[in-house]
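Take a look at these structures.
Below, subunit A partners subunit B and then partners subunit C, in two separate complexes.
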Partner chain A sequence: MNKLLEVNQLKTYFFTDNGTIPSVDGVSFSIDKGQTTAIVGESGCGKSVTSYSIMRLVDSPGKIVNGEVQFEGKDLTKVTEKEMRTVRGNEISMIFQEPLTSLNPVIKIGNQLDEILILHQKMSRIKAKKQSIAMLQKVGIPRGEQIYRSYPHELSGGMRQRVMIAMALSCNPKLLIADEPTTALDVTIQAQILKLMKKLTEDYQTSILLITHDLGVVAEIADRVIVMYSGQVVEEADVFTLFANPKHPYTRGLLASTLQLDEYKGNLDTIQGNVPSPSNKPTGCYFHPRCPVAKDICRKEMPQLKNLEQTNNRVRCWLFEDEKEGLLHAENA
Partner chain B sequence: MWKYFIRRLLQVPPVIFIITLMIFGLVYIAGDPVLMMLPADATPQEIQQLRHALGFDQPFYIQFGNYIMDLLRGDFGDSYQYGEPALSLVLERLPATLELATASMIVAIIIAIPLGIWSAIKPNTFIDLFATGFSVLGKAIPNFWLGIMLILIFAVNLHILPVSGTGTWWHLVLPSITLGTAMSAEITRLVRSNMLEIMSQDFIRTARSKGLTSFIVIFKHAFRNSLVPVITITFLQAAALVGGSLITEMIFAWPGLGQLIIQAVYEKDLPIIQAAVFVTALMIILINLLTDVLYRILDPRIKFN
Partner chain C sequence: MQKTLKSNIEDDNTQLLYLEDVKKYFDVSDRIFSRKKEYLKAVDGISLKVNKGETLGIVGESGCGKSTLGNLIMGLLKPTEGKILLEGTDLTTLNAKHLKKKRSEFQMIFQDPFSSLNPRMRVFDIIAEPLITHKIVKGKELEQRVLNLMEDVGLDVSYSDRFPHEFSGGQRQRIGIARALALKPKLIVCDEPISALDVSIQSQILNLLSNLQRKYQLTYIFIAHGLPAVKHISNRIAVMYLGSIVELTTKDQLFRNPMHPYTRGLLSSIPILDPTLRGNKQNNLIEGDIPSPVNPPSGCKFHNRCPFATDKCKEEIPSFTEREPGHFVSCHYSIFDL
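Moving on to the complex of A and B:
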C-alpha cells in the first residue's frame, strides 16, 4: 500500500438561494507517497473546491454531502474538527494562488511562521524563531533574519510565495496542496517557484497535489494528471501518456489549444462553447455539447470512469467503453 | 514614530490659534456685554467708562491681541455669574465629564465588539438578527427617554442604583449605559460589516489551513485587521462626548461640562463659554492625534511619514 490519500466519490454541493450547485460531483482519485499529482481543468470545473474539501475548508453554503477522503487510515470527512486541526498545516498543508493576499497584512512574517511551529511542533518561541529563519533560508531567502521581522507588504510577490512555501513545509507535511501556486507570478518567478517546490518536496519526501489550469506547469513537475470537467474526473493518466496520447476529447482539446514553440499554427485552436452552468448541466455526458465526436448515446447517458486496458489510466468517455454494452445500457434506460 | 508624533504636535498650535480666532470673533460679532453687566438705568457716561475700562472701545486686532496674551497666561477672564476665573471653573467640571465619557466608551466597547464579532461569524442567524435589532433600537431610542426609563426601572422601582448625582461608582452606571448604548449601536454594525469582509479574505483561509483554532483565527488574524475603521468611529464618538453630553448630564444631574455650558449660555456668561469651547477643542485635537498614532500601530501599512 503506497497510497497516501484516497478520495472516493466526493461530492461537494453549494446550497444557494438559486438552487443546489454540484461543484464537485463524485470525484475519485488517489495520490501515492512522494508523487506529484496535478488536477487540471478550466475555471469553475471544481478543482479548487476539491482541494478545499480535502482540507475541509469549504465555507457555507458549500457542504461535503457524500464520499470519503482517506488519509493515513482516517476518513477526513468524518473526523472531529479538533482532529482535523491537527491535520491542517501539520500533515497536509496548503499554498494559494494569491501570495499578495494570502499572508496577514498586520502580522510580521516571523510571527506567522512561528505560530504554526508552536501549535503543531510544540516548540518554544526561541526555538520556533530559529527554525523559521532556517526555513526562510531553505526557500531561498538569504536575509532570513531581516525578512523574519518584516511585514508582508514589504516583500515582492515571489518572496511572499516563498514565505508561503516555507510556512507550508515547516511542519514537514506528508501532502502539500498547491492551489494555482504560480498563476499570479510572472514567468521567471514561476519557474523559480516551481523548481523550489520540486526540490523541497523531494528533500522532504512530500507528495504534492497541484491545482492548475496551466499545462506547462503540469508538464514541468507532475507525475500524474487528473483532468476535471464540470465537477467530474474525465481522464486520469501518467504525465507522459497524457501529453503523448490523450484519450478524452476534452483533454485533446485542451492540449490542442496550447501554444507550441516549434510549430506555427496561426490562430490557436479553441474548444467550442462554454463550460456548462453548474446549476443546469446537460443530460448524458457533460461534455457532449462541445464534443466534436459526440454520438447519440453521449447525449443520453453519462459514461463511467473506466480503467483502460492494462493500465492505471482512466477515462470517462463512450468512445472507450465497450460499445455494445453501452448501447444496450442506453436502450434499457 | 517619535518624529511623526512631534511633527503632529507641532501642528497643534496653529489649529488652536484658528480656533481661538473663531471663538473670539463670534463673541465680538455678538456685541459687547457691557450693557448686560450694568443695571438698566446706567447713564451713557457710565457705559462709556466701563467700555473703556474693559478695553471694548479698542480696534478688533488690539482686543484680539490682548485676548491672546491673556490666554497665554491661562486667563479667560472671570465668569460673570460666579466672579471666579472661567478656566478654573471649566477645569473643575472636566474630570466628571471625562469620567462619564470614558465609562460610556467602555460600555459601548464591551457591548459592541463581542456582539459585532458574533453576528459576523454567524451571519443570518438569530444572534445576527438580535444584533441588528439592538443596533437599530440603540440608535433610534433618544437618550432622554432611555435615561428616564433606566432611572424608573433601576432606581425608582428596584432601588438598586442611585437616581442621579455623583459620588460612588454606582452613580456612573446608569448615565454611562444611557450614552454607551447609542454609541455601541453604530460600532456593532461597523464591527460586523468589517469582520464579515475580513473573514472572507485569503489570509483568513491561510490561517485556517494552518490548523489554528477559530478563536485564534478570529481574534489574532481577523479582528486586528478590522480595527482601523472601528477605532475611527469609536474615537470620533468619544470626541463628541468630551464636550459634555448636555441631555444625559441634565437627566442624571451629572456635574459635567455640559451642564456648565448650558447654564453659561442661558446667562450669556461669555468667559465660561469661551473657556469651555477652548478646552473641548483641545481635547478633540488630542483625541485625533491619539487616533492617528493608533492607526499606525495597528496597521503597519500606514506609514509614519
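Moving on to the complex of A and C:
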C-alpha cells in the first residue's frame, strides 16, 4: 500500500441562518506517495472546502459532520488540536491563491521563513537563517540574501508565490496542498511556477493536492484528476484517460468549453445554465438540469460513484450504470 | 509613429476610432522629500486605428497598461499627450457636457460584475438608467425597450424587478452588457469581461458578444490577458508590454507567424489541454519578472527578459515598423535572424 492520504465519506456542512449548506457532500479519494492529484471544478463545487477540511481549517459556521481523513495512520478529524498543529506546516503544508494576503505584511520575508523552521524543526536562529536563504535559492529567487531582508510588498506576485512555496517546502512536508497556486499570476509567470513545482516535488518526493479550476494547469502537472460538482466527486481518472476519454457529461462539457488556441467555427461549446446554488440543489443527479443527455431516472435518483470495469477510475452517472450502454453513449456523443 | 501607418489612416473612411501617440503618465514622485519627478508611464505612445464593425483585441500581462488604454478611450482618464479621435471628433478636447453627449456612442463592459452594478438598484432601473439620463425614451416605450434588451442578452424578463445580488456572475455580466447596449453605441470597450467568470460561463458570454456584434454591427475593443479568448473574438490583435504595443496584426498572422519574441513567449506559456504534450514547450518560456513601469528598462523594454537581446537592444528603442502588410512589430531584429 502506497497510500499517503485517504479521505473517506467526508462531509463538511455550513450551518448558516438560512439553513444548512452541504459544501462537501460525501467525498472519498486517496493520494499515493509522490503523486500529484488535482481536484478540478467551478466556483462553489466544494474543492477548496475539501482541502480546508483536510487541514482542519474550516471555521464556524462550517463543521466536518462525517467522514475520516487518514494520514499516516492517524485520523486527522479526530486528533487533538495540539497534534494537528504539528501536522500543519510540518507534514502537510499549504499554499494559497493570493500570496499577498497569506504573507504577514509587517514581518520581513526572512523572519517569516525562519519562524517555521524554529517552530517545527527546533532550529537555532543562525541555522534557520542559513536554511531559509538556501530555500529561497532553491525556488529560483536570485539575491536570496537581499530578499531575506525584504517585506512582502516589495516583491512581485510571482516572487511572493515563490516565497510561499519556499515556506511550504522548508520542513520537507509529505503532502503539499496547493489551492489555486497560479490563478492570480500572469501566464508567463504561471508557466515558471508550474515548472518549479514539478521540479521541487520530484526532488523532495512530495505529494501534491492541487486545487484548481483550470484544466490547462491540470494537463500540465497532474497525475490523477478528481472532478467535483456541487459538493460531490463526479469523476476520477488518471490524467491521460480523463483528457483522452472523459466519461461524465460535466467533464466533457468542461473540456469542451475550456478555451484553447484552436480555430473555432461559429459558436463555442458551452454548458447551458448556471452552477446550482448549494442551498437549493436539484433532485436526482445534481447535474441533470444542465446535462444534454439527461434521462428520466437522472431527475429522480442520485447515481452512485462507480468503479469502471478493471480500473480504479470512477464515474457518477446513470449512463454508466449499465457500463456497455454508457460506453456506447460516450462514443456517440 | 510611422508615416506609413499615419498615411494609411488618413485616406481611410472605414475607421471608427483613431489614436495618435497617446501617452498617460501618472505622477508617482515623493512629494515631501524628493524634488525629482517620477512618472509611471502606463501608456507610452500608442497609435492605432479601429475599423467599423471589427473587434480589436488587446492582450498583455498585468501592468502593461491595457486597462489604462481602455479608460483613456472611454474618456475616463485624460491623456497626458496625444489625440483620440472617434469618427473625427477629438475626445480629449471635449468639455464635460459634450463628452457626456458623445458618450452615448461608446460604452464599456467591466471585468467585475459584482462591483460594477449598483446593489441597491433593480435590474430594470440599471438597464433603464442610461436611457433616462440621455433622455432617449420614457414611459411605456422605455419599459418595452428595457425588456427587449433583457431578451437580447438572454435574461428572463420576469426577473426585471430583482436586485443584482440575486443573480449569478454570468447573469450579472449579461445585465452589464444590456446596460452597455441600451444607447445603441457604435463602440463597446470590453475590459476583461470574462476573466471573473467560471469556465462554463465564459464561453456563454463570448458567444453572446459575437451574436450581438452581428445583430447590431458593433465595434469592440476587447481587453484581456487570456490569449485564447482574445483569439476567438478578435479580428486584429495588439500585444502590449509595459505601456507600448510590441506587435499588432490580424489574428491569423499573429498566431501563424508571431514575430516579436514576447508574443512567442506568451504563446508558449499557455497550458495545452493535452497531458501527452506536456513539457514540449518548456524551452520557450520567458524568464524573469515584469519590470516596474515606473522604472522600465532602457532601450527595448523587453530586453532583460528576451532570450535574443543584444547590446543594441539595451540602448536603442526599436521602432514600430510594418514587416508585412498590416503586421507591425517593434523589434530591432527579424525573428528569422534570431
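Here is the rule we use: the second predicted complex is superposed on the first by the 317 of 333 C-alpha atoms of A that agree within 3 Å, B and C clash if a C-alpha of one lies under 4 Å from a C-alpha of the other, contacts with A are read in each partner's own complex, and residues count from 1 in each chain.
The definition used in the following text is that contacts are C-beta pairs under 8 Å (C-beta built on N, C-alpha and C of every residue); 3 or more make two chains touch, one makes a residue touch a chain.
These numbers come from a predicted model, not from an experiment.
The superposition on subunit A brings subunit B alongside subunit C with room for both. Subunit A is touched at more residues by one of its partners, and among subunit B and subunit C that partner is C. Geometry note, superposition on chain A: angle between subunit B and subunit C about the Cα centre of subunit A is 70 degrees, to the nearest 10. When the shared chain is aligned, subunit B comes close enough to touch A:93, but subunit C does not.
When both complexes are overlaid on chain A, the residue A:126 reaches neither subunit B nor subunit C. Once the two complexes are laid over each other on the shared chain, residue contacts for A:240 go to subunit C alone; subunit B is not touched. For the pair subunit B and subunit C, the least inter-chain C-alpha distance in the overlaid model is 6 Å. Residues of subunit A that lie in the contact sets of both subunit B and subunit C are absent, per the superposition on chain A. Residue ranges of subunit A in contact with subunit C, taken from their complex: 42-43, 156-159, 186-192, 194-195, 213-217, 219-222, 239-240, 243, 253-255, 257-261, 264, 267-272, 274-275. Those residues of subunit C that touch subunit A in the shared complex are 61-62, 168-171, 198-204, 206-207, 210-211, 225-229, 231-232, 255, 265-276, 278, 282, 285-287, 289-290. Interface of subunit B with subunit A (complex): residues 200-203, 205-213, 216, 220-221, 224-225, 298-301. Per the touch definition, subunit A reaches subunit B in the complex via residues 55, 57, 59, 84-90, 93-94, 96, 98, 101-107, 115-116, 119-120, 151, 153, 164, 167.
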